[in-house]
Amino acid sequence: MSTITSITLLGILVLFLGAMKKQTWLLPLILAGLVISMVLTVMDWNSFHSWYNGMLIVDNTAVAFSTVLIFSTFLIFSLAAHYYRGVQRPLEDIYGVMIFALAGAVMMTSYGNLIMLFLGIETLSIALYVLAGSHKEAIVSNEATLKYFLLGSFLSGFLLFGIALIYGSSGSFDLHRISLFVASCAGTYPPMFLAGLFLLIIGLSFKIAIVPFHFWAPDVYEGTPTLLTAFMATVVKTASIVAMYRFFTHTFNGIHGVWETTIWILAAITILLGNFTGVYQPNLKRMLAYSSISHSGYMLLAIVSFGAMSDNALLLYSLSYSIATISAFGILILVREAHGNDFFSSMNGIGRTNPLEAFCLTVSMLSLAGIPPLAGFMAKYYLFTTAIEKGMVWLVIIAIAGSAISITYYFKPIIAMYLRENAGEPLKVEWAYKVHLAFMTLALIIIGLAPFLLIGLL
Amino acid sequence: MFTQYIFYFLTVMALFSAVMVLVSKKPIHSVLFLTLTFFAIAGHYVLLNAQFLAVVHVIVYAGAIMVLFLFTVMLLNLNKDERSPKPLWVKIMAIMAGAMLLLTLIGVFRGYDIKTVNDPLTTQIGLVKELGRILYHDYLIPFELSSVLFLTAMVGAVLLGKKEQINK
Amino acid sequence: MSTLSAIPISYYLVFCSILFCIGVTGVLIKRNALLILMSVELMINSINLLLAAFSAYTNDPAGQIFVFFIMVVAAAEVAIGLAIVVLIYRTTHSIDIDVLNKLKW
Amino acid sequence: MLTIILILFPLALSLATLLLKKEQALRFFVLGGALIEFGIMVAAFVQYRTSCHCQLLFRAGWLTNMGISLKFGMDGISLLLVALTTFLVPIIILSSFSHTYRRPATFYSLLLFMEMALVGVFTAFDGMMFYIFWEMALIPAYFICAVWGGNDRIRITFKFFIYTFAGSLLMLVALIYLYFSTPFPHSYDIQDLYAAVLTPGEQTWIFLAFFVAFAVKIPVFPFHTWQPDTYTESPAAGSMLLAGIMLKMGIYGMIRWMLPICHVAVHRWGPAALVLAVAGIVYASVIALRQKDMKRLVAYSSIAHVGLIAAGVLVLTIHAMQGAVIQMVSHGINIVGLFLVIDLVEQRTKTRNITDLGGLALKAPRLAIFFMLILLGSIALPLTNGFVGEFLLLLGIFEYSALFSAIAGVTVIFSAVYMLWMYQRTMLGPANDITAEVRDLSRVEMAALIPLIIMIFWIGIAPGFFLDTALPDVMTILSYAR
Amino acid sequence: MMMNAIVFLIPLFPLLGFLVLGAGIRVIPRKVTALLAPGMILLSLISTLVLFIGFHPSTASQVHQLFSWIRIGPLDIPFAFLIDPLSILMLLIVTGIGFVIHVYSVGYMKEDPGFNRFFSYMNLFVFSMLLLVMGANYPVMFIGWEGVGLCSYLLIGFWFKNHEFNNAAKKAFIMNRIGDLGFLMGMFLIFTTFHSLDYQVVFDHARGMTPGNPVLAGITLLLFIGAAGKSAQIPLYTWLPDAMAGPTPVSALIHAATMVTAGIYMVARSNILYILSPATMAVIGITGLATALLAAFIAIFQNDIKKILAYSTISQLGYMFVGLSAGAFTGAMFHLTTHAFFKALLFLGAGSVIHALGGEQDIRKMGGLKQAMPKTYRTFMAATVAIAGIPPLSGFFSKDEILAKAFEYSPLLWVFAVAGSLMTAFYMFRLLFLTFSGDFRGTEAKRAHLHESPAVMTIPLVILAILATFGGLINLPALFGGNAGLEYFLEPVFAASGSVAAHGTPLPPATQWLLMGVTLAGVLAMAAWAWKRYTAQHRGLLPDDAPRTFAERVGRNKIYIDELYQLVVVRPLMWLSKFFYEIVELRFIDRIVNGVGSLVVRTGNTVRYIQTGNVGFYMFVMILGIILILFFNILI
């Protein structure tokens, strides 16, 4: 509760500051505010509150994932100073909308009622429609926002339909009451309820970018301003997958068998398609989009193999994925700035001119690819473990086939940076940015070496 | 009996105008048919004893949203035919997809019935007082948080609509 | 004499489904972003009605409350949507979705 | 404790190396460090008591709730391979002094990092640790080969990476699967993995997964195609690391993990794998006959030799297993020696093409002598290290099947054919334009070669020391595998 | 204790010599080498003599263990030496002839820049050969077995600037390796059968086995493959003529006197195994005989002095195998010994001739050398007479013993053996007459240069000539009133097999005399024919050197065996290599692997086009997905 309050207040404060023309205070305030709300969130650890008739449930899962979300946002805002360097217009609106989006995301992690879920999703989505189009004169940004908006509102129609059907069959929006209804069904569920369930899954799948509801992702990622793409690829995905997870844990645990096959198939095709499509991309940003699609598939593994460790696995995965992705986007911002595009060829020889940046990108790529001892490996390992524990060996084999394929594109930037001849001037990076990148890289290594810091939490 | 006739009338009107939204060549006609649909739906709300909802619906949709649409159509001077409508096969595919979806949904509803029909006269759930009580009591948090959503939308609309130089 | 006793809920279900599917078909058929948005509004309205019907038949106000929220969201969405449409029109002088496909592959 | 020091010390060195700027100091530091590491290894050897299993154990919880612990230790087999690693790394470092690598600090850092990973692989007594170190060894190997390699390095090394990585992912699945088959509470501890309860069907799958992972690394025919290209394109140090130490990981993995865990499947499917290994011996030997590129020739010869080792591991006889262990060490020494000589030749003549060379013995007799000695080891002349290994391997295979042994034995003939051909065409004959101005070995180069020669004859003449070290543990493994 | 020390000293000296020379290859002056290398062998010879004198044949053979070499459970291979009559005989031959040849080499290699290298190799060779004959088990024998192969390789290719020599060296090594693989497999079979590789254990166990045991047949056949390689028998003999590329002393020591006889030694050593395997014995007999005849036939048509001697060696080795197959182990060893004497002498004599002619080896360009090189001529003639089997020289007795045994075994065998023997006489006398009689046919420059070799070379010739002449006495048969000393000496070694072998009735003396007479008459006739043809008429040496008859053409071309091998083995192998590499490796396996990779890339490239960028399309697919999910989950 204090999380949402503090974030919302922060957002409003930012807007006020903007109105008061205090641009320089914006980022420090935001970063401090995020830290404060992170602290507030963490203080809710082990408190297990249920607010306002079960509208918000603040349990450890919510706390943990909210922290991940705020942390990711924090990391992204740390890149903002560099990214918006030299921009003349006031930025409080973009920042404010980002913070509101974060509030929506946090709602999605701690909802206890489908209304809250819906509100959270819509807050997040509307904010993102805006953010995607925030580079107004760029035609790609326009296109991105239009695509995202049309598809998003279309799919949220289905989500709503699903909620309506669930309401119609169970008579409530409250997760607890729905779970009671599920229990009362004793194995035979009305088709309407199942339809609602699947439409809800579909609606969330869209946000997570799961095949075949992923189509927006590559185009929108590519068109969106890079900093906000990072936000989209991490915060939105984490929030949505957690929303889905929460939904399942709180209500539909009992009917595991019903959705298992579907999610299994979705996970499999997502992993395969995401990885296959990534192979040919000549462009880092778009490649990261496909990578994020495939990672959605991996995260689905945690849900399909729902078990005692799933939440831990998901936590580790989302955190490591987020950090690695933001780190990659951090470098991407630099490359784009220097070369005006994000083709791999623009990264040629960075390994020599900017060893630190190249190293950071390498680590993040290796982590995304799941190579030990980095965070991404441990995360994948936990996912695979949970899946194998549930006997889904074939799904895991598909997943590792995907991992093997993914090497082909994760190594492209590495090869470009280290093995190709230099293309131009060194990237110009200020020290704070470097520290930030190094921090993320270090985090990936530390999480990889000491996953027990996170793994026993939930 | 009378209510039944009203039901059928409203239903047919809603469906007809909904189809007309799609069929109309000019966006302005579509907007007008959409408004008609909204009114029909408002009538349904009344039939369902959701009077307050009906009122809000008319205000929000017919009043606000449709005006926005109209305004946009005027502003962008879109009141002309679509430049090149989608090819026929796409339309047929779309209609088939819609029909398939419909079949699926109807299949889903098969066999569904509400067992206990309450007498709406005894419970006044559709009335302002009752709804207000629940809204400000049980659903306070969503209510408050919807303001965040509005704020976002507001800022966002300004951000997008404002004509000026932005960053990259 | 109440509507609720005269008309089975399945009528509403079917009606709402048809309306929803018309909306979906509209989304698929149209190239004009504005009209797609309108079709989405049709879909959302059908859901609203469905919820209201459920709410009425079960005598549970939650459904109607939800409808309020949906309206709120729909309004916000339309506001943003129209802003986007205007934005697009400003840069491309078209709101045809098929024209906008620079981002692909 | 020594075990973990053996792992951490190179890591510390690797990180410290990055801080050094001056090349001379760097070399001194790296070589000194590697020698200290070797010294630690010697200390471990001294502490080690034969005929008592896994020793010098380091154990710490890491992910205890997941059954993963930091369990490192050494038994005889590990000890020998760690000794091999720590012995070869200083030599590889020394041999790289004659090159001026770009960004030497990074190069040496990667090299030491790789040493860390290799030691980790050989000492891990926890399944997940084994896997983690296994993969960690791949990254520096990739970078060493890709950054400092030849013209076609990008494509080749990438193939190498993805091939071996894909193989090892299967192993990961197998390990996780095994984890859940261990007695409760599940763990990756080697003893628990050995005790895993598996149906024959499960065994088969796990065997396959392990086999593919290891076969790619070893490499066993027909999983070998990454190998000749990679060796050819890698810098000398990379080839030495890959061929000398890294491919031992695969054989070691077979011995340590595959045989005891899937013993039923090994009995059932081992013959099929054996056929591959034996076919690979002949196949690679025959191909080696016509290779013009020295490195490529040695690469194919290596496939043949390690195919023999793999075959020896799979027949599950004590002699073959002992032979495999000793041959792992011998092969490491010999192939490093061969690559070293090839590198020396290439440095001097700027070519590795056998037909372009000739008459080096006239200009560089010392080089020729060292080459001959190493060559003798690799064609398994008695009293060299190669003989002990091949003798035991062939004997062990013979005990399993005379036919396989005879087929595998053709390596004895073919290796003489291609090795002598290479020797003759490069060292002997009249000198030509390319070889006319070649200088003989310098002191540093000799210093790198002499330890190898000593080892070649030590193992060849008195293999008892090595055999006895490994014997109890080989027996243990075999008792599991049977 | 004393014994022990001496036993170890014997191989130690040559090893020491090798190590010292090898280490100081560039430092040690020639004079030191000239003393050191033969000196070491001399010390070794002295040790052997001490051992021999202190050894009584009736005492049991002694095993001296140096250290445990390879030991894994039941597999225990000690580095141990066996001293018994057989090994002592071989030790004497190796060190004795080795020493003589070392001395000779000092003169022969005087001018060579690789002097030190040569002697280090030679010492290493002697060391390896000593290991071979002294080993107390098969693996130690194998050490020497391969070691001599290596030295042979090094010495054949001693003048390594010439690629033809290198090729010859490589060929020798590889053909030996083929045999060695058989040897290895034989050892493995021995181990799996007897669980030991130790001579004593193996032979003790074997003694209890029934003759004709297939396992024994297998063992012996496999071992014989090794012997065929080392002792240049069909089909692995072609390396030996080529091996003449090496310096002549090498040919004398390695390719005539010692190394090539290792196969004989090995079979004799394993006599008990062989005697129990009649099938193998038959194979050996046929192979030996065929080799003897084939090589003799080829020798007749060769013109290179060393090549003739090489084929002669092959032929004589064939004889020894015939003897072995007939169960005449002592006879074979006897012939081995005498052959070592006279063949070494022949080679050294040939070396002396080549030395005098400045490297000329073609006998057609020689002639009339007996005036210029009387010592060489005389010693050479002694050797020729010996090898031709003319009494009372050594070759007569040893060959006769084999022939007699062959007759016992089968008269047919005897007929063939005698035929070979006649051919031997012919080509040897042809060689002798063409080289030393008549007029000199070389250039004038060469004629001027003709000279007798220095003493350091002729003294060894004389020593060997004495041995070749009187060597027969060591095993003078009872028929001639001798005491069959060698037979008695070797008795303990062959006793067991003697008891196992079926005892045919010994030939009556009359038959023996008759046979001997027939052979001798033939041999003399051959000698006479050769004299007539090559000295009196000078036929057979056409100026244009065109082979006239079919036999001549075939013989001149070594029956095209090399070409045959080229066609049957080498070319197919090279073709296979090419096939494997270019088709299987590159077009198939590599292509599959790369194909998987490019399939991924191509799939990626294809799949990405579903990302059309068209929102309408996206919506369609999504709707389809939704319908499918709902349909399959709810309605089915």
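Just so it is clear, A, B, C, D and E label the chains in written order, and each chain counts residues from 1 on its own.
Keep this in mind: a contact is a pair of C-beta atoms (placed from the backbone, for glycine too) under 8 Å apart; a residue touches a chain by one contact, two chains touch by 3 or more.
Model, not experiment: these values are computed from the prediction.
A.B. asks: Between A-C and B-C, name the chain pair that shares the greater number of C-beta pairs in contact.
C.D. replies: B-C
A.B. asks: Closest chain to the overall C-alpha centroid, by per-chain C-alpha centroid: which is it?
C.D. replies: Chain nearest the overall C-alpha centroid, as shown: D.
A.B. asks: Farthest from subunit C by Cα centre, which chain is it? Let me know.
C.D. replies: Result for the farthest chain: E.
A.B. asks: Round to the nearest whole Å and give the separation of the Cα centres of subunit A and subunit E.
C.D. replies: Taking the average C-alpha coordinate of subunit A and of subunit E, the gap between them is 78 Å.
A.B. asks: Please compute the C-alpha centroid of subunit A, do the same for subunit B, then give the distance between them in whole Å.
C.D. replies: Subunit A and subunit B have C-alpha centres separated by 31 Å.
A.B. asks: What is the distance in Å between the mean C-alpha positions of subunit C and subunit E?
C.D. replies: That pair's centroid distance is 98 Å.
A.B. asks: Measuring from the mean C-alpha position of subunit B to the mean C-alpha position of subunit D, what distance in angstrom results?
C.D. replies: Here the centre of subunit D sits 71 Å away from the centre of subunit B.
A.B. asks: Which subunit E residues reach two or more other chains?
C.D. replies: Subunit E, residues with two or more chain partners: 597, 608, 611, 613, 615-616, 619-620, 623-624, 626, 630, 634-635.
A.B. asks: Which positions in subunit A touch two or more other chains at once?
C.D. replies: Where subunit A meets two or more other chains at a single residue, that happens at 115, 119, 122, 126, 129-130, 133, 136-137, 145-147, 150, 154, 168, 191, 194-195, 218-219, 408.
A.B. asks: Among all residues of subunit B, which ones touch two or more of the remaining chains?
C.D. replies: Within subunit B, residues 86, 90, 93-94, 97, 101, 104-105, 107-109, 112, 138-139, 142, 146, 149, 152-153, 156-157, 160 contact more than one other chain.
A.B. asks: Just spell out which pairs of chains touch, all of them.
C.D. replies: A-B, A-C, A-D, A-E, B-C, B-E, C-E, D-E
A.B. asks: State the interface residues of subunit B toward subunit E in the complex, per the touch definition above.
C.D. replies: Within the complex, subunit B touches subunit E at residues 86, 90, 93-94, 97, 100-101, 104-105, 107-108.
A.B. asks: For subunit C, which residues count as touching subunit E in their complex?
C.D. replies: Those in contact with subunit E are residues 24, 27-28, 31, 97-98, 100-105.
A.B. asks: What residues of subunit C sit close enough to touch subunit A in their complex?
C.D. replies: 20, 23-24, 27, 33, 36-37, 40, 43-44, 47, 50-51, 54, 58, 60, 62-63, 65-66, 69-70, 73, 76-77, 80-81, 84-85, 87-88, 91-92, 97, 100-104
A.B. asks: Any idea which subunit A residues touch subunit C in the complex?
C.D. replies: 114-115, 118-119, 122, 126, 129-130, 133, 136-137, 139-140, 142-147, 149-150, 153-154, 157, 160-161, 163-164, 167-168, 171-173, 218-220, 222-223
A.B. asks: Looking at the complex, which residues from subunit E come into contact with subunit C?
C.D. replies: Residues of subunit E touching subunit C: 608-609, 611-616, 619-620, 623.
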